[in-house]
Structure formats: structure tokens, C-alpha cells
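Going in written order, the chains are labelled A, B, C, D and E, and every chain counts its residues from 1.
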Amino acid sequence: MITDALTIVLTGTGLIFFVAGTVGLLRFPDTHSRLHALTKADNLGLGLVIAGLMVQVPSPLDAGKLVLVWALAILAAGTTAQLVARSALKKGQSAPDDEGMQ
Amino acid sequence: MPSSLALTAIIGAPLLGFFMTIVWSRAAAVVASLTSMVVLVAAVFLAVSVSAHGAVLTSLGGWDAPLGIELAADGLSVMFMIVSGAIVLVVGAYAQHEFVHPGTETRSGFAFWPLMLVLLAALNGIFVSRDFFNLYVCFELLTLSAVAMVTLNGKTESITAALRYLLFALLGSILYLLGAVLLYAQFGSLDMGVIGQSVSSSGAEILAAGLMTAGLALKTALFPFHGWLPPAHSGAPPPASAMLSSLVPKASYFITIRLWFDVMPELAGNPLTLALGGLGGAAILYGSLQAIVQTRLKMVVAYSTVAQLGYLFIVFPLAGGDSAAQPWSAGAWTGGMLHALSHALAKSAMFLCAGLFIISARTDDLEALRGIAQTMPMTAFAFTLAAISLLGLPPSGGFIAKYLMLTSAFASGGWIWAFLILAGGLLAALYLYRPVRIMLSLPKQPGQPFKPISRWWQVAPLVLALGAVFLGIGSNEPYALLQIGRPVAAETGL
Amino acid sequence: MIDSLFDLVLCALIIFVAFAAVSGRDLFTAIVFFIVYGLMVAIAWLRLEAIDVALAEAAIGAGLTGVLLLGAYGRFKNIDAARMGSWVPLPVLIVIALAATGLSAAVGVVLIALDPNGLGLIPAVNANIAQSGVFNPVTAVLLNFRAYDTLLESIVLVVALVGVWTLADNSAWGQRVGKTQSVRANGVLQSFGRTLPPIGLMIGIYFVWAGSSQPGGAFQGGTILAAVGLLSAMAGLFPPPRVNDARLRLSVIAGPILFLAVAIAGTAWGGMFVLPADLAYGLILAIEIVLALSIAITLMLLVLGPPEMTETPQ
Amino acid sequence: MMTWASGWLIYGLTGATLIGLGLFGFASHTNLLRRILAFNVVGSGIFLVFGATGFRVPELGADAVPQALIITGIVVALSATALAVSLITRHASLSGSATLPDDDREDR
Amino acid sequence: MSVWFTSLAVLLLITLAGALIRVWRGPAPADRMMAAQLAGTGGVAVILLLAAATKNWLMLDVALVLALLAAFAAVGFVKAASRNGVGDPEADEEAAP
């Protein structure tokens, strides 16, 4: 019973972070601040959901998979934030311009 | 059971050859010729065992339909395999001069041989398969190798032609796939035999059959969808376009025949047969008129393919008709099949001749070929022989095919179809007479001399052209073979 | 009730994303929507309890196809906007829209009229799975019941590769496959290219190994190994192989040729593609492992593209 | 707890819609990459229909044959897409256009 | 519990739809790519919740594949956005600061 309550709390907060990240993505004025919102949602939102599920998982192998998913998500979020930010920094010259607005 | 070994060889051998020519590209030409010889021998052996004991059926992996995939070789598939095996063998011999580059490996020298063998494997796969999804994978294999062949000479217009061909072919296979999926949803199986037994004209089957026919018509370049064929077949190198024009569209036509005559004859009502026949007739007229106005030899030959493919779809209204058993539909069906075979032989011969003319005259322009017969008598003779078969003049195979279709047209009272068949022959005479006249006329003022071509190289198209003629002279063998496993619907009409 | 709500929301999302991908304002937006679309369809496969397909869709739909399209998009930079294509004129657009809606409606009507408890080949697969040598029914169908389709499919991959290589310049033959990457040493991309592959390799091998008893197998594992290989190639960790490298060609055909050899050897036990019940598991596992390696290398080469003249990177 | 529409039918009808959307996209724009993208949408729509019809009886689980054929179909579609994309890139570098010549709008 | 997980998954899907508005509107390509990245992570979370709801833990493998390939599309985007199509932003900075 306790584990279910724990799961509900953790996964619930995880959702809230996702919502926060999305609202941030929509409301913030420029690319870099949106990037900030995105990484929040990635790390914490998913991290909390995974933490919530850790107690539900039957076998240690599945628990290991959950941790691995979280580690990969963090690695991917970090790398993407870096690369996309630098690419956006040189915005204009190199980013392929949108084709004509028909 | 040796006949199942032959069935294994006609698919396994070309695939094995495909792998070897990729790794061992130095000896690719030799491996390709040996493999196509083995395949031809296997096909002939299969023909002998089919004519002796009737159709051969094997379940792959020992799993019977509907779970496993079944392969079956009847008279029709064996005839198509012998003709395509022979064409690929001769084209392979022809290509020894063009795609064998001494020294370091070149792009086209590497690519031609594996593509040729996988094309042969895909064709044989289609001619013997009894499973609709397996047919889908086979003709995706066929399409990708055909598209790759069109890009072999690397010119800009061939790349564009290959791209347009790929788009049309992908649309065709997607529609076919949707049809196959709906058949599985309705019958719980993809096997022709299982589906054939429980056909009841429900909505799913009509939609599925319609989609599959539309997809296959797209891939056979039937009239409104023919746009991709002429540029692709004239852009490809001659040995490639010889195989593309004579065999690749026939494969999807073959599946259409299996679909309508073997699996769902009851469903083929008047709307379908008249539509296909009408489009076929339009293809004959449009293709022939376009061929008359072309200035390049390969375009004339390519548009003639569009026209001759139209004949194949006239088989549907001729063998159709909803009244009681029609004695003439057997003749129409066999006539259509013989036409497909004789066209394959004649068209591949023509493209090889065109290839030799281009090498000798260094241009594809018709006017520049004036008087080429004097330096290349054998090829000019081969071209004329092939033209005779396309026109349907006796004693060629084309004549037998047209004769059978004409008698069925008159017997069934379908005078429109008879008119179209005759008009097609007349128009073919128009667009084929012009190149022959130019070749045989006196050369204009001694312009650039034609480059002499070695005798051995000129034998290749001659062999194929003679094949087309002998298909007419010795036609009782093929006729008898085609009757084995001929669908009942070809007897009693769609 | 909540399950149907989830299905409805997911399907609405899939249709919106597909509509956006097809009619997006510009090409880049369309490609990004297509990547998200692949992810959504992978979730739909989970709802249809087709985990093997979800794996394939996730690895190929959301992974490789997205990178393929982005790579081509990157090459369109020197094409001026006038020749980037446009919508067909309005009347034609309307006709196409009507035809497409008609086809969708027809398929929809047929689906609604289908027998609601059609079993398809579920009974046949369950009856024969014991002799197939594996427990995962999808792997049993792929590598035993319909092994011929799977063999031809692996050959379609190799033919596509030969077709892609045929698009090279004559002068570029013999060069390295694809364009040489110019990546900053030990930059973010290169360090990412060093950290991810070991994990990816482990996961790829896990999927190939697990394929016989649970979702996974040669194609899913091979696709993941291809993605890992591509990432290290794009991170400039190793120069891509030359097109006429004999070892490369051997590795490309190793899987399919082993598969064909086993299939032909089957004639000794009664016919092509026959796998004797006791040897079936071992043969299938061997085929899956070698096939996964060949598929990984072939997919990597397909995405890298034809060999190009090594112009000096500016 | 089968509500008014059983699970598989929702996905089947979604697949049917995707087929229509994809075919619309395939024919409505002249940019070649968009057409290949639309071709992939049609492909996945057809596979969704196929997978959905294989899951009509949830208690028995999903039919393994459609799953296997869909994986085969996805790989075949990927090979065709890879060849098409390389052809498009080559066509673009040779003729400087992202469309087929007859669709080129010079006047735009 | 499974009702909780499924309803959470529904809410997450709706949040994803929100992120997709940025993909539609986002002026710069980088914005669209980031929104796709968020949608990717959201998708992984949805799959985890589905696995919990149905107790079918094999679904974790799909989440694993998506997490592994999450950055793959971003690397593809960065390559496409780099100057010569084969570089990366840092190499471009070095070449032309």
C-alpha cells in the first residue's frame, strides 16, 4: 500500500514537471530560455516517473532497464541541448532557411 | 523428387550468383553466365517434368499453406521462366563486351552483374510463387534492381527517369500491398489456393482486387500510367533496357493474370474486363502513334513496348463475357500468353540491335543510321526479324498469338477488339518500317564511317530474334505446355 | 473506459501529426513531424500488443528514416527556393483530396464490416510453434514458417545498397563511402559518439540474443547496431570503409548467404527452408546473429550514401 | 469492457485515415522528399490496418503472422526509401532541383 | 493502480500535444528540434506508464530503444544545419569564429 502511494506521488510530480516543461517551451520568448525549460522536463519529469516505477517493477533486470533508460535520457538531453544551442547560436547563416512560404 | 530440386535451383542459383558477383567482382561476368546457364537448364528440366507429370507444388520449409509459403510451377510459369532464362543468358553474353572492364573495378562493371542475377531471381520468384505477400517482396526486389539498372550509365536524364520510375513503382506496390492486407483480413490467409476456394464477392474482396489490379497496372505501365516507361527504358544501357522492356512489366502482368484467372474468376465482371480492355486498346493506339513520331531509335522501341503491352490487356474482354462457357476464351488466353512471350523475345532482340547500332554509329538518332545494314548485315537482319514478329506476320510467334486472339475476337463478336488488334498491327508496321527502310537504304554521302562490330557480338540479338520466329514455327510445343495447369476460367471465360 | 480514452487521444494525436507532416508549411517542419509520428506509431503498436513491431518502428521509423531525411534535407541548401517544389494547383489538389478521402472511407467501411472475431492464423501458429525451435511466435514466423520472405527481404536490403552505390560518380569509385565528416576532436559530438556506442552495442546484442524467446531479433538488433555505427561514423571516430573493400562486401552478404545456405541445405531434410526440429533453435540463432551483423552494416552504408569525391572540407 | 468501438477498430480506422493522408501528400506536393515522406506515411497506415486486423480477439493476443510481415514490410520500405533518398540527392546535385523536371515551376 | 497509470499516460499525451504546437509554430529550426526532443522524452514516459498499467514489462525494451536513439535525430539535425553538411557546430566555430 505504501509503495502504491509512493508511486502515485512520484509519478504525479513527474507529470507536473512535464507540464511545466511544456508550458515553458510554449511561453518563453527565445530559443535559449526554451532550451532551459526543455532540459528541466527531461531530467526531472522522466526521472520522477522512473523513480515512481522502480518500486512497481518485479525483477531487478527491469529495474536495471529503468535506470538505463533514465541514464540514456539524461545523456541524450545534455548532448542535444549543447549541440542545438551551439547550432542555434550561429542562427541565420547556417541553419537551412525555410523554403519559400507558398 | 528432382523437380523440387529444379525449383530450388531456379531461385537458389541466381541468388547464390548474386552474392558471388558482389564479392568476387573480378570474375562476375563468368559467374553470371554460368549461373544463368544453370537456371535455364533447371527451367527446361522443370518444363519436361511439368509436361510429363503436370504442375509441381512444394511447401517451403515443409509448412503447408496457409501458414507457410507454397511454390507451384505449371505450364504458364515454366514457359515464362524458359523465355526469361534464355533472354538473360543472351543479354549476359552480349554484356560481356560492355560491362567487363579490365584493370581496376569500375562502378558499372561492378553493379551490372549482381543486378542482372537478382532480377532473374525475382522474376523466377514471381513466376512460381503462390503467396500474395511473397509476390509483393519479390516484385519490390524486381523494382529496386530495375531502377538501379536504369541509373547504370550515370547520365542526368537517366537518373531523373529512374527517379520517376521509382515513384510510380512505389505507388503501385503500396496499392498492391493494401489489397493483399485486406485479403488477409478477409480470408485469414495470403495463399492463392486457400483464397480461391472461399471467394464470395464481399466488399473487402472487391476493394482488395481493385486495389491490387490498379497497383499492378501501374507497374505494368498500362496506358494512363505509362509515363515512366519510355524515358526509363531508353535511358538505361541497351542490355539493361532489353531485360527491362521485355521482362519486368510482364512480371506484374503475370500476377494480374494469376489474380483474375486463377483466384477470383467470378469477381471479374464486365466493368473490369471492359475497363482493362479499353485501356489496353488506348495503349495500343497511343503507344503506336507516339512511336511513329519519335526521332531516336530507342524511343521508338520503348514506345512500341507501351503499345504491345496494350495487347496483353485485351485478353481480359476476349476471355471475358458473362454468358455460359465460351469455347473461344481458351484460345484468347493462350494467344495472350504467346504474345507476351514472343514480344519478350522480339523486344529484347530489338534493344540489343539498337545498342549495337548506337555503338557503331555513335548516336541514337534514326537519320544517322542510314545505310548501316551494309556494315552490320547480321544486326539489320535480326532487327527486321524482330520487327516481323512484333507486326505479327507469319511465321513468327507474334502471328500465332494475334491469330488466336483475332479468332477469339470474331467468335465472341467483340469486333472492337478485333479492330484494335488489326489497327495495332498496321500502326506497328508504320513505326517499324521507317527504321528498317533507313537501315537498308543506301548510305548518304560518305559521312562518318560506321564502326565495324565483331561478328560474335552481333550473334546475340540474332539468336533472340530467331527465338521469336521459332516460337511461331514450333508453336505446338509451347501451346501444349501452356495448357498444363491452365485455369478453368480460361476455359469457361471470366 | 480509460483505455478507450487513451486509444482515442493517441489516434487523434497520430492523425494530427501525420497531417502536419504531410501538409507542413516547410520541408524541415514536415521532417520533424515525421520523426514524432514514428514515435507515436510505436506507442500504437504497444496498444496492439505487437512489441516486436513497436521495436522495429521505434528503431527504423523514429531513428534511421528520420536521419536519412534530415541528411537529404541538409544537402538541399544549395538549391534555390524556386526549385524546392510547390503545391499542385488548387483544382488538382481538390481532386486528389476527394480521391484520398474516398479510398480511406472505403477501407474504413470494409474494416467495420469485417468479422469482429476473425482469428487469422493465430491457431495455426500456436499449433506449430512447438516444432519451430523458438518461443517467440514472431521469430518463429520470420525465421521458420515464412523464412523465404525474410531471406528475400534481407536481399532487398543488399540490392538497395548496390543501387545506392551505383549512384556514385565514375571517378568516385574506390573512394570511401559517404562524405568525410569534419568534426571537432573531443567536441560534444565526438565525446557523445564515444560514450553512447558501448551501451548501444550491449543493447543491440541483447536484442539479437533475446529474439528467440521475447521481442527482439535480427532486424531490431541490427537496426540498433546500425544506429550506433552511424553515430560513431557521424562523430568522425573512424573513416567509413572504401566501397571496393573486400571485407566490407563479405560482411554485407555474410548473413543472407548463410541464410540461403541453410535454406538449400534443408533439401536434405525434405525441401528448401526445412529446419529439422532438433537443430532448429541452433540454426535460427546462428542465422539471427550473422544476419544482424550484415543488416547493421548494410543499413549503415545505406544511410551514409554512395562514395563521393573527397573534396577538402572547407 | 468493450466500449462502443473495440480497441482494434480505432487503430484500423486510424490506419485507413493515414492511408488517405499519405496518398494526398504523395500526389499534392512536387518536392520529392515530401513525396517520399508521404509514401512512408501510407506504408505505416497500411501496416496499422494490418496489425489492427490481427488483434481482433484481445484475449488470444496479437496474430504473429501480420507482425512478422509488418517487420518485413518496414525493412522493405526502408530500403526503398534509402534508394529513393540517394536518387533524390543525386538528382538534386546534378540538375539543381528538388522536383521532377515536369513539375518544375520556373515562373514562381 | 492501472487506472492511475493509464490516466497519467493520457494527461502526458495531451502535454505532448502541447509541445507539438511549438513544433508547428517554432520560428527557428532549433525550436522545432527541441520540441521534438521533449515529445520523445514524453513518449518514453508514456511507454513506461503503459508498461506499468498492463504489467507487461517487456515494453521497457521499446522505451530503451527510444531513449538510446533519442539523440540520434538531434545529431542528424545538427549535421544538416552545419555549414558543409558534414561538420558540427563546434567545428564550424573553429573554422569561422
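We take it that contacts are C-beta pairs under 8 Å (C-beta built on N, C-alpha and C of every residue); 3 or more make two chains touch, one makes a residue touch a chain.
According to UniProt, the chain labels map to these proteins: A = Cation:proton antiporter; B = NADH dehydrogenase; C = Sodium:proton antiporter; D = Multisubunit sodium/proton antiporter, MrpC subunit; E = Multiple resistance and pH regulation protein F.
Keep in mind the model is a prediction, meaning the values are calculated, not measured.
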Partner chains that chain A and chain E have in common: C
Pair joined by more contacting C-beta pairs (B-D or C-D): C-D
Geometric centre distance via CA averages, chain E-chain B, whole Å: 48
Interchain centroid distance [CA atoms averaged], chain C/chain D, Å: 13
Distance between the centres, which are taken as Cα means, of chain E and chain C, whole angstrom: 19
Chain A-chain C separation of Cα centroids, rounded to whole Å: 26
For chain C, residues that touch 2 or more chains besides their own: 3, 27-29, 47, 49, 71, 73-77, 82, 84, 86-87, 107, 111, 114, 118-121, 125, 145-146, 149, 153, 156, 159-160, 163, 167, 188-189, 192, 196, 199
Multi-chain contact sites of chain D, meaning residues that touch two or more partners: 19, 31-32, 49, 53, 65-66, 69, 72, 76, 79-80, 83, 87-88, 90, 108
Touching two or more other chains - residues of chain B: 67, 133, 137, 140, 144, 147-148, 151, 159, 178, 182, 184-185
Chain B contact footprint on chain D (complex, rising order): 19, 26, 32, 35, 39, 42-43, 46, 49-50, 53, 65-66, 69, 72-73, 76, 79-80, 83-84, 87-88, 90-91, 94-95, 100-101
Touching residues (chain side chain C, partner chain A) in the complex: 25-29, 73-74, 76-77, 81-82, 84, 86-87, 188-189, 192, 195-196, 199
Of all residues in chain C, those that touch chain E in their complex: 2-3, 5-6, 9-10, 13, 16-17, 20, 24, 28-29, 32-33, 35-36, 39-40, 42-43, 46-47, 49, 51, 54-55, 58-59, 62-63, 66-67, 70-71, 73-75, 77, 179-184, 187-190, 192, 196, 199-200, 203, 207, 210, 214-216, 220, 224, 227, 230-231, 234-235, 313-314
Parts of chain C lying in touch with chain B, wherever the complex brings them together: 106-107, 109-111, 113-114, 118-121, 124-125, 128, 144-149, 151-153, 155-156, 158-160, 162-163, 165-170, 173-174, 244, 246, 249-250, 252-253, 256-257, 260, 263-264, 266-267, 270-275
Of all residues in chain B, those that touch chain C in their complex: 4-5, 7-8, 11-12, 15-16, 18-19, 22-23, 25, 58-63, 66-69, 104-108, 110-111, 114-115, 118, 121, 125, 133-134, 137-138, 140-141, 144-145, 147-148, 151-152, 154, 159, 178, 182, 184-186, 188-189, 202-204, 207
